[in-house]
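This is the structure I have questions about; it appears just below.
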């Protein structure tokens, strides 16, 4: 079992969701986050003072998947989220010891 | 050391917190997230246009616990968060290499 | 590859960011979370009713780093985030199987 | 009064009319957006749309009901029943033509000014029902309450009924509007029962800034309410505005100071609550007391309502969610009684206790009592009827989820 | 009228002047913050600053343009062209001195009151352009539209032009303001094309509470708009206020009930939309109909505009983002025609269809048609000119990111 | 003036009274919710409740202080000290009975209208103290400042003191209100020192929409401020309203255009700031200049205040958090001087530089200088006293955490 964690540009969320659905994956959890990286924010000007914007809005998607599917999930996300421009984001794959569906008590692959 | 990550229905947060406290666990971190899964959102109607609501509000709870306690934590959360209806959520158990309490520098089990 | 997850006090974010930059790390992802732990919230009074505030605002920082760098990252964060007072937060180090930069398809250490 | 040119047969005075047109706009603004924001800011975020929707619906519904029957029942001659209720000759406002006057202003203007009073009275009540009442049941309750509670009591005091006859002093509606709404709220919250989680969940206001906007618009609009009740633009209106301003400022400072001393922090919610308490208490007194009287009324209203909305409510354990009784009920009673104490002949031609006429205080208490009884009992009966037919409370699931999404399908981002 | 002392040569009446000063403030408040919030709450969160900035800019720009040329073109004598357009003798308001009167009020006051009407008309249009128009292009369009569309049509109806001469009844600007803005919005949204994601992305209002504040301030301010159009503080103003209140309440209830029945949930957005539909429809009728007429106008406006903003828009598939045509266009047409039906001699001295004068309905339709044609065609031509020179739409990237950050560099936390 | 019927002994005029009742409500609305929102939107989210609480507290505190002593000191006869300060015969407003007139309106109305001016002046100052002042210390400072700075300066200009005697033209309070508040803000921010993080942390407004609502209510309310300063409903009030509208629109466009050119983006904050700059600058000029003069005053005020709030502040490095000096101080000085330039005999009976009377400009500068000196020095002394007794700044920990939670225990969700 793997947990695929992807940081993407916010406006790509719908495309990524559709790409995952196309893979037969419907479960995912989404968080609004702020990212710091190579991509720099616009400088904001407020009444004569300039401020560097250090953090940019990003979306974090978490998807649990069986080990076999994990690579396909990574591929699908990276294809859908790519614009080729700086700031597209990262994907992290984490090992998972156990998954449980609260409603039924099902475990691991059945629980996803 | 394990990190237990649970996605639950928002209104179950207080019950889950109490269940964990009963286990002697007081540390946890909570995030507002949005979930996509089998449970479907209501269709929203706005001036004649209908939109499927793709993401539903969920709560993510993260609890670090020693390996021995991890199973009890999973059980406690799943018992408290269960309504038996679709959308109750998932629990993921992740391995953790190290835990540190910033204030004291204590490590691992002592740090929780 | 490791994922360092730190829960810190919100007003320490800028110092932590600078500490990481000093280490040569510029990528990180930040989430607003709420924490429950030894530190207790102020009791809020609203028209005669008192309520315990169960959750306090915290910031979660996630940084992916190569295994070698991981310890330095943990140190840097814990030094910068420390006030010595209760509620300073925790750091968790998680193993990561794979990292991918979406823009270029680079993997693992190159992707950070 | 009003102009130097008024002669025996009243003619239309354009200055008085200008002020009453303005006052009507101001009093409407008190309810929308005033009360909608004042209450909306105080509830949890999942119920704010609901408070606004209820307020807006009430504004519209009372407008139509007042047109159809309310005005006629409250203000027209009731013949043999005149002591208790008005007549039916203005159903659908027939006969309200372009020429009929009411004093020096058009009757149509008097009618719509009074309409805005009926609107706000009914809107105030819902603060006690917050977060748990069914929308359809509220529609039914509002309809019945306007006809069976508001119209009669307005008639008793202002329409030629028995309370006016007794000599009860109520310049701008302390009894008709505030005590009336306050006791209805108290009965309502007892019948509905407390909100789920009351007493242990945090139910603090989700956005006290909205509450501040609401309180500020209430304050500004109250100039139309109190100074408009002069029905003319003269010295009476001016003095009513002056004492309204003074009592309100004083009451807000009093409430803020009390909580600063007791709870260690002065709050914006406290300032706003105190201001409204002062506005309520000065309402019956506005045309009768002088500035020093206003300072006293403000001070006492601020302190007593603070006690009502905190200690008293806590002691008795009812869940008057947004303190309709604690502020409007108690503030209204304080104001009614103090009007009897501070009335000054030099200001409004009526003397109060401090000028030796303590009998006025008794009369004031009679007015309070009549309102508490009719409105208290009547509200209970009407709620029972609505409960039997439609039920009153939403399901626990809907309550937890929030009424915004479950009843109205709308949320605030 | 106005006071008992008016004699043949009109002199300044302080009561009338007081009311018109107030009305001007009220109508300004309709646009800022009224329309800014009404529209701002309805867009997605990434575009709310933009709606407010556009509204505020329009308020300022039209103020300056009206001063320079608009007032003169709309209201001064146009000599041989008088049927179609006014003259140029008040460019930069020269000659508007401290003594010139317009009826019983200062001419300068009449000028600024009319300025606020021009402001709101142009502000209303942008609801149809929401989320995709370039800011600079909007500046150009507003400038041209004020001069070539608004000023002539205001002149036709109120400035001595041919529509007033025909006998078209338009008390407060149903034609000049609402139909005019409504058709311009429709043409605008067709020329601009739909928003990216229209029809499948969720574009529900991000904060309907802001929309409620806006709707409430529109309602309150509309008393200045309609009752102010009496240009005096007398029975005409009072009756205009009364029917405005009644039609608005009725229309909001009608819209709310329709969606309750059809979509199972009554919404705050529906209440607000219905209220605005009622305000629009009663605007031409305000000084001419009685309370029962107002109930009918409100009922029909609420139901027909509900249909326009939901079924009709859906059927035809255009993206009139905030329903400028559905509410202002259709509501204006409904109101114009029903004014011809319900006009009552007893109220405003003009008879309508129900009193046998069905010819008035024909005249009303002529007024509607003239406005639809001039404004519809003219708006199209002006948009094409602006498009050719500056372009109209932002880039897709800017549209996705939101106009707040991409055009104005500002966001709401 | 005011009506055609005024005779030698002034009698109450109901039209004038109606307008002044309305104006008082409008000016109160400028502060609550106007200034509370204008300032509240500009701070960071953790301090918004604090700005609103401070504003609301000031509104209440000044109300009570004005009742007790302020009005008497500012407006009553000071006997031998009359050139510098008023008398004490209206302490607690004794003697303000129902019949005393001030011109054609009740004296009580004049008193409360002036009270709203005192309120807003003190509320304006706190923009310079934002995010770091102790609440209790502010209470002390406000009390002292009202008595020792505001009351004397109001007396000098309007109460029969030496500046009015000199012939300084200040129609509605450019000197007394804006220059006075502006210089107090500048001194205050220098004494307090900059906010923690000033110059490198992002301190951009957390919600410019709130600021827009505030600016819009300031604009609308300013009609009461400027046109109300005519103290009657006649041609003077009308012309004051007209030039207020024109200068404001022009100034907002000027500021917006300047930042569009220089920073590449027009902002809503810029539009709002420019509008307030225009309102400030036209305040002393309102009853004296014509529409073309208003265009010039607006244009110059917009550009110069833009420079003041951006370049000048940056160059000098002080942290006038919300630009009280940059907008009110500089705008007030620009307006005072330009009043001396553009005053037109045809409008207000006074001639300015363009009509050959350049001496008026000198007199205007004398008025500015007197205010800058008394208010600047006095504010410094009062702040030092308060600092010695209570301290002025919150602890760094409280400042970082935000004053909302640390001082008031409230947060906005």
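Letters A, B, C, D, E and F mark the chains as written, and numbering starts fresh at 1 in each.
FYI, contacts are C-beta pairs under 8 Å (C-beta built on N, C-alpha and C of every residue); 3 or more make two chains touch, one makes a residue touch a chain.
Predicted, not measured: the structure shown is a model, and the values here were computed from it.
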Query raised in the report: Which chains does chain E share as contact partners with chain F?
Result: A, D
Report task. Please give the intersection of the contact partners of chain A with those of chain F. Result -> C, E
Query raised in the report: Looking at A-B and C-F, which pair shares more C-beta contacts?
Result: A-B
Query raised in the report: Taking each chain's centre as the mean of its CA atoms, how far is chain C from chain D in angstrom?
Result: 51
Requested in this report: Please report how many Å separate the Cα centroid of chain B from that of chain D, as a whole number.
Outcome: 46
Report summary line: Rounded to the nearest Å, the gap separating the Cα centres of chain D and chain E is 33
Report task. For chain E, jot down the residues that touch at least 2 other chains. Result -> 5, 13-16, 18-19, 22, 201, 204-205, 233, 263, 265, 269, 409
Query - Of all residues in chain B, the ones touching two or more other chains - result: 31, 44-45, 94-95
Report summary line: Which chains touch? The pairs are A-B, A-C, A-E, A-F, B-C, B-D, B-E, C-D, C-F, D-E, D-F, E-F
Report task. Mind listing the chain F positions that touch chain C in their complex? Result -> 201, 400-401, 405, 409
Report summary line: The residues of chain D that touch chain E in their complex are 5, 11-19, 21-22, 24-25, 28-29, 32-33, 36-37, 40, 48-49, 52-53, 56-57, 59-64, 67, 92-94, 96-99, 105-106, 108-109, 111-112, 115, 135, 210, 233, 407-410, 412-413
Query raised in the report: In the complex of these two chains, what residues of chain B are touching chain C?
Result: 3, 17, 26-31, 64, 94-103, 105, 111-112
Report task. Flag every residue of chain D that touches chain F in the complex, lowest number first. Result -> 2-5, 13-16, 18-19, 22, 26, 45, 204-209, 212-213, 215-217, 219-220, 223-224, 227, 232-239, 241-242, 245-246, 248-250, 252-253, 256, 263, 265-269, 271-272, 275, 290-292, 295, 346-347
Query - List of chain A residues in touch with chain C within their complex - result: 2, 6-8, 31-38, 54-55, 58, 60, 74, 77-78, 81-95
